[in-house]
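Next up: some structures, all given as structure tokens.
Paired with subunit B in one complex and with subunit C in the other, subunit A is shared by the two complexes that follow.
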Partner chain A sequence: MIQAVGKADATSHGPVPSATEAREVRVRVLRQDAPGEESYWERFTVPYEANMNVISVLQRIAARSQSQDGRRVAPVAWDCACLEEVCGSCAMVINGRVRMACSSLVDNLLKESPGEIELRPMTKFPVVRDLSVDRGRVFRSLQRVKAWVPVDDSYDHGSGPRISPEEQEDAYPLTTCISCGCCMEACPQFNKIELVKRDDETDEAFEARKREAYDKQFLGPHAISQAVLFNGHPTGSMNADERMQALTSQGGIQMCGNAQNCVAVCPKRIPLTRSIARAGRAATVWAIKKFFDR
Partner chain B sequence: MAQPRILVIGGGLAGLSATMRLAELGVQVDLVSLVPVKRSHSVCAQGGINSVNAVTRQQGDNEWKHFDDTVYGGDFLQHQPPVKEMAEWAPRIIDLMDRLGVPFNRTPEGFRDQRRFGGTLYKRTAFAGATTGQQLLYALDEQVRRWEVEGRVKKWEFWDFLEPVVDADGRCVGAVCQDMVTMKFRAFPADAVVLASGGCGLLYGRSTMSTICTGSAVSRAYQAGVKYGNAEFIQVHPTAVPGADKLRLMSESARGEGGRVWVPRTPQDPRKPKDIPANERYYFLEERYPQYGNLVPRDIATREIFDICTTDGLSVEQDRLCVYLDLTHIPRETLDRKLGGILEIYEKFQGVDPRDEPMKIFPAVHYSMGGLWVDYEKSETGGLVEGSPRNQQTNIPGLYAIGECDYQYHGANRLGANSLLSCIFSGLFCASGVLAGSRRDGNDTSRLFSTAVKRQEDRHQAILSRTGGESNPYDIHNRLGDIMTRAATVVRRNDQLTQAYEEVGQLEQLWQQCSLSDTGNWTNQNVVFCKAVGDMFPIAKLILKGALQRDECRGAHFKPDFAMPGIAATDPAEQRAEAERWCDRFEANTRKWLKSTIGTHGDDGEPVISYEDIDTTLIPPRPRLYGLVGGEVIEQVWKERQAAADAGPVAVGATS
Partner chain C sequence: MERAFSVGDVCLSPFICSATVKAITEASACRRHQFYACKRNVVSTPASSEESFLGRHQFLLYRLFSLAGLIPVGAFLVVHLLTNASVLGGAASFQSRVDLIHSLGPILPAVEWAFIFLPMLFHAVMGFVIIANGMPNVGSYAYMGNVRYTLQRATGMIAFAFILWHIVQLHWMGAPLGGGKFDPHHAASSAAVALQPVLIALLYAIGVLSTVYHFANGLWSLGITWGLWTSPAAMRRANWLSLVVGVGLGAAGLGALAGMRSIDIEEARAIETRMDRARQMLKGNSVSTGTAVHSTSFQDVSAEHASEGIAGGSAATEERN
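Now for the complex of A and B:
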């Protein structure tokens, strides 16, 4: 009834058409069974459907679980949730460019690279399996810059501060960051950190060791932008100094080499370089102030 | 005494607000989620969040009217005290979210702006562009991250809730969950468990929901003995964009900002929409519902769009069902400022700019009004007693349910922009009661947990070691989605429901034999999904059986065989007589069916249905007359009857 929405849908649940009946989409996926294992390419073919995106390609691959040469293989692992580019789960490297699988339409990808679509996991995060990577570092960076408004508590104290429409419109794009990690993937200053859990190590100790390693390295563009967002909020600015401390410490804003790749790949078109420029100016002012306050 | 330790399952708006408040109360919280909590399905909510506000208050609005709109919109199928309490909390909740930094749209003077949503005549809805759910979720995610740094909250992301653990006294003492990366099982002893696991839209195959909304956690609680209320009430959202992998939501706010729904009067008019002159366009919602127009409640808009395409044959396209949702008369700048987020989704996924060309939309499964049965303690003023351990508690003591996964707030139909409110409200409000009801008696529960872990390991291994099955869980899921979508969405007929129930039973048998293409023990998404599909069957059966037995029309549950059409007569006296009969029938139907459907998991795995009376002591049920032909005559008769009843039961008693 509700699913009766045309030919594309009729094929999606019906029998698989033979190669002569319908076009096919060919895909090659860089797979890896687990951390520390060798990666390998595997090719798949799925029937073409109108308006198909990379998610529906991966769904068809999972349902068939068969490689192009007819071997029965495990479904490709990947992360997804909302399928409308707002949860940030499905970032991967598609045809050599990091982007969201849900909003990557097959028609456009085939125009870019006729014949075959290439899917690889992000390279700056440790592979968990296949296209699924561990992006814990994305969220650790948000902790480092204290990306929150430091309210007293969640009880009623009346409304928040008055904010002009201009301020709201300035802040709003920054609040749409989905923590996908695309900006970190594209950044030449952001390097992969992959640690291996030791046999004698507890989960907690391993997590602590990872945090320690992350904290010595670059925060990434998204966290700088979040620091700018909260420093610009009337209440958030009350702990601006702590954020400035984080931004000017090891792995802070000085790591940025101004390659501007981040803003080019951001799926939400967040003005990351504007945030970085603002943070840079604020860091300079803050350093001078700190110098004279000594 | 050791600090209490509470387990929260799910990190959407409800789970995060409960976690934040519990942490603030000094509780140690374990927060379990299928995905990093920032990626929870609440991010998909678009339009806004309702509350009475300074402006509407001066236009005659108040908390009682918000409460009244909610129960009237929900066709009176909800206990009224929790709804009253929620409406009263709403202004404080918006204030709180404002303080947490949610970038609500602003008026030129710097106040929060509001828009109008369906089922009300007031502009009650605060919004942040068209990504309000995302913004609210992020604000709570940030606060919980702050508590995580403080060491008060421990997140368990990429973990799957498998079962609540219940002791010999019938009290929930924790849960068993599985790490979806390492596939290891773990016992989580807790002084209370709060389920905030969201909706179950995935059992319809494709819906507006995220792929994580399988309903598996709720089903596992139900199978462990928690009652389930009003399963058959599933909201089908009027406006979504059909896609092969998902039906993407097109927010009600598009209509709230002036969007108009229409079809060409000529079936499948081949002209471009902007070449069709106004007099050849059928703005069917505006014509049929002059008062609410495009903002009738969702169940009504959905049926109208469905009917115009199926019964009237006026679908825009020949080979697929859709109508126009038109924003092209609104200035681009306004659209970008107020609806940018959703218009970009349409543009990205359809390749068409909705600022230039009307969108093509059709209804899609969107929200579950039903859910786990929960209790409440009524206060003297008709609201709730804050801090009562009964609030949001299921029939298993120590096990709570909040957010979309409870059945409490929306009755037979949810009003737009009320879900974000009910999620945050139930999360915040329940915390003090959960803490008061938590029990730390120090009993040794280790055997209970080792037995439960063993049971889950065995189930897991049994699924992994199945061989030779012809079908796979993805196919079975598609087939389940087709059956459910056909039988249990907009229009429901008893023969189809009976048949669907049988088919679901057969499919469940097939699932028992389906085998996996991945039998490994590392990040095996295949087995996690297979288990989730298996757990869809009990809920699917509940929905179908509840719908089959409920021979009436109420909110989202529409059975044409039991519909109560409007007044056909034109002569005033006949109209009056017809309205009297209509009201008689309405009263009889109310006595019979104004009851919550309560499902319990029978020993044979089939649902056992009973009915629960509803507390309607605050607002007496009345006919829901949006746009009904002759509605004004019915309303007149109804008011006279109410007045007579209010005049005193003595008079009635004396004449009878």
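Now for the complex of A and C:
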């Protein structure tokens, strides 16, 4: 809570501290020292500043490295880069709802839940440390659906096919995906996969084992949307069959349960459920065609 | 906001978690469900490199599951509830519809199994697999769509239990278990007797409404799955469709329930006996006009006529019943 420390006293006692000076922000962080270890809550207090976001709160916590009860503690670890909702690295569960730490303003969070801001790492990804999670599966899903236009070679192919303004406008929202993982975190059909590295295992073998586990489980809404984006692109559509194959294989679009949380939590307001329904339609047509053409 | 938990408590996630709180830390509250009382959905063992049958045909199975919910299971639900609602037009009106169904005679069980029981069983088994693989989080994300998602699973399970009980209670297959109370020759009266207890009627109301919600919401969800409605605006329009279907079917189901319970059992029984005799008579007189039986209402063959004309035959009917 923004504690109005001294505010009650101020009416009866001498010098009145300005409201902002005395205000503090209380934060509760779910910490974890290393992958696979028990997690624990730790409370912090930082001085309130105007227009703080969760990142700046975490920066103050790191600068103090002191818990609320005055113990010296290791600074809280978290990921961030761009600070403007573009890189997608600072997604975390803030006050029980997944969102980007950079665009979560302290004033709004306190309005939403007065008392304390609660920070937890995303629950569907393995924790690396504190609020930092391994979002590798987000990118593995993009690999599974080949979310790119393969144009890498040394020849000049000339300009690509033209895209009408209507098509461009339709596709643009899908291109704004920042691969943050919020949609996966909120999806009730998307389950956590956390593998533990064996002592006798090389990094490569562990990565391969992770990929294998990921590839059997749900892709997630973002990857379905990216598949729709690239299948709708005139050059990207040359690989449409491969993407449809991925969308209809194990862990594909059929895992969607239409809870529509993805579209509700998406920080970029991408019409994910429209993408999913379009992918569903494409999958219907593709599966029937495949059945009769084989 | 915080909920007090103690060791031994079970995770409150609606259906599938049931993890037990082992130690008390703040996180063990499992308030957001994915937490420490609840590591059930963490895959910690490597998946086998061999793809399972379910895995290889996952898309097909899920789509068949979705389709089965509409055809034949959903279609049957519509026919079933509307047939039952015909009891509001009197015992005779219901009886004539039941007679029409039972005119299938010896192939009726085959039709039942092929178009009702087996598809329903498939839908149910797949449904439980899907429920077991999901992780409802409506506590954290109380959006309308998520509430509907969670209700879809809850009502699916209620519908499964209800239908199982319903079949045992009324279908002849349930007779060895003390059920099988529905008599196709005395449709309304036998159903009325079975539905008289208030508790049973209440359970039926819950069961019917759950099933109807599951079907109506499933219709909306199916439209997205198959790509019938893709834009948010189209999904909103489809919402109205499923709402109309749901309210209509709910009214039919509850109407049928109220209709069955409010008929005069003695009177209904008399009408049904008369109709049964008439049917027996027509059967006895001419096998070739068997199809005419259902277009012949019970009024055409009066009770006197029946008792005078086929006195011997009716005795046999009596005995059979």
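Rule of thumb we're sticking to: the second predicted complex is superposed on the first by the 269 of 294 C-alpha atoms of A that agree within 3 Å, B and C clash if a C-alpha of one lies under 4 Å from a C-alpha of the other, contacts with A are read in each partner's own complex, and residues count from 1 in each chain.
We adopt the following convention: a residue touches a chain if its C-beta (ideal position, glycine included) is under 8 Å from a C-beta of that chain, and two chains touch if they have at least 3 such contacts.
Computed from a predicted model, the values in this text were never measured in an experiment.
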item: Touching partner for A:Lys197 - first (subunit B), second (subunit C), both, neither; value: neither
item: Partner chain in contact with A:Arg211 - subunit B first, subunit C second, else both or neither; value: neither
item: Touching partner for A:Arg26 - first (subunit B), second (subunit C), both, neither; value: neither
item: Touched partner set for A:Gly88, first subunit B, second subunit C, both or neither; value: first
item: First, second, both or neither for A:Arg97, with subunit B first and subunit C second; value: second
item: Doubly contacted residues of subunit A, that is, touched by subunit B and again by subunit C; value: none
item: For the subunit A and subunit C complex, residues of the former touching the latter; value: 30, 38-41, 93, 96-97, 113, 120, 123-124, 186, 188-189, 191-196, 209, 212-213, 216-217, 248-261, 264-265, 271, 273-274, 276-285, 287
item: Touching residues (chain side subunit A, partner subunit B) in the complex; value: 1-9, 12-13, 33-34, 49-53, 55-56, 59, 62-63, 65, 72-75, 77, 79-89, 102-103, 105, 128-129, 132, 135, 139, 142-143, 146-151, 153-154, 156-160, 162-165, 167-169, 171-172, 175-176, 178-179, 230, 233, 235-236
item: Residues of subunit B that touch subunit A when the two form their complex; value: 17, 20-21, 24, 35-36, 38-41, 43-44, 92, 94-96, 98-101, 103-112, 128-129, 131, 134-135, 138-139, 142-143, 145-146, 148-149, 181, 205-206, 210-212, 236, 242-249, 317, 319-322, 337, 341, 345, 348-351, 362-365, 428, 472, 474-475, 478-479, 481-482, 485-486, 489-491, 517-518, 520, 522-523, 525-526
item: Residue ranges of subunit C touching subunit A (in the complex, touch as defined); value: 1, 25-27, 32, 34-36, 41-44, 46-47, 49, 51, 55-56, 58-60, 62-63, 130, 133-137, 140-141, 143, 145-146, 148-150, 152, 220-221, 224-232, 235
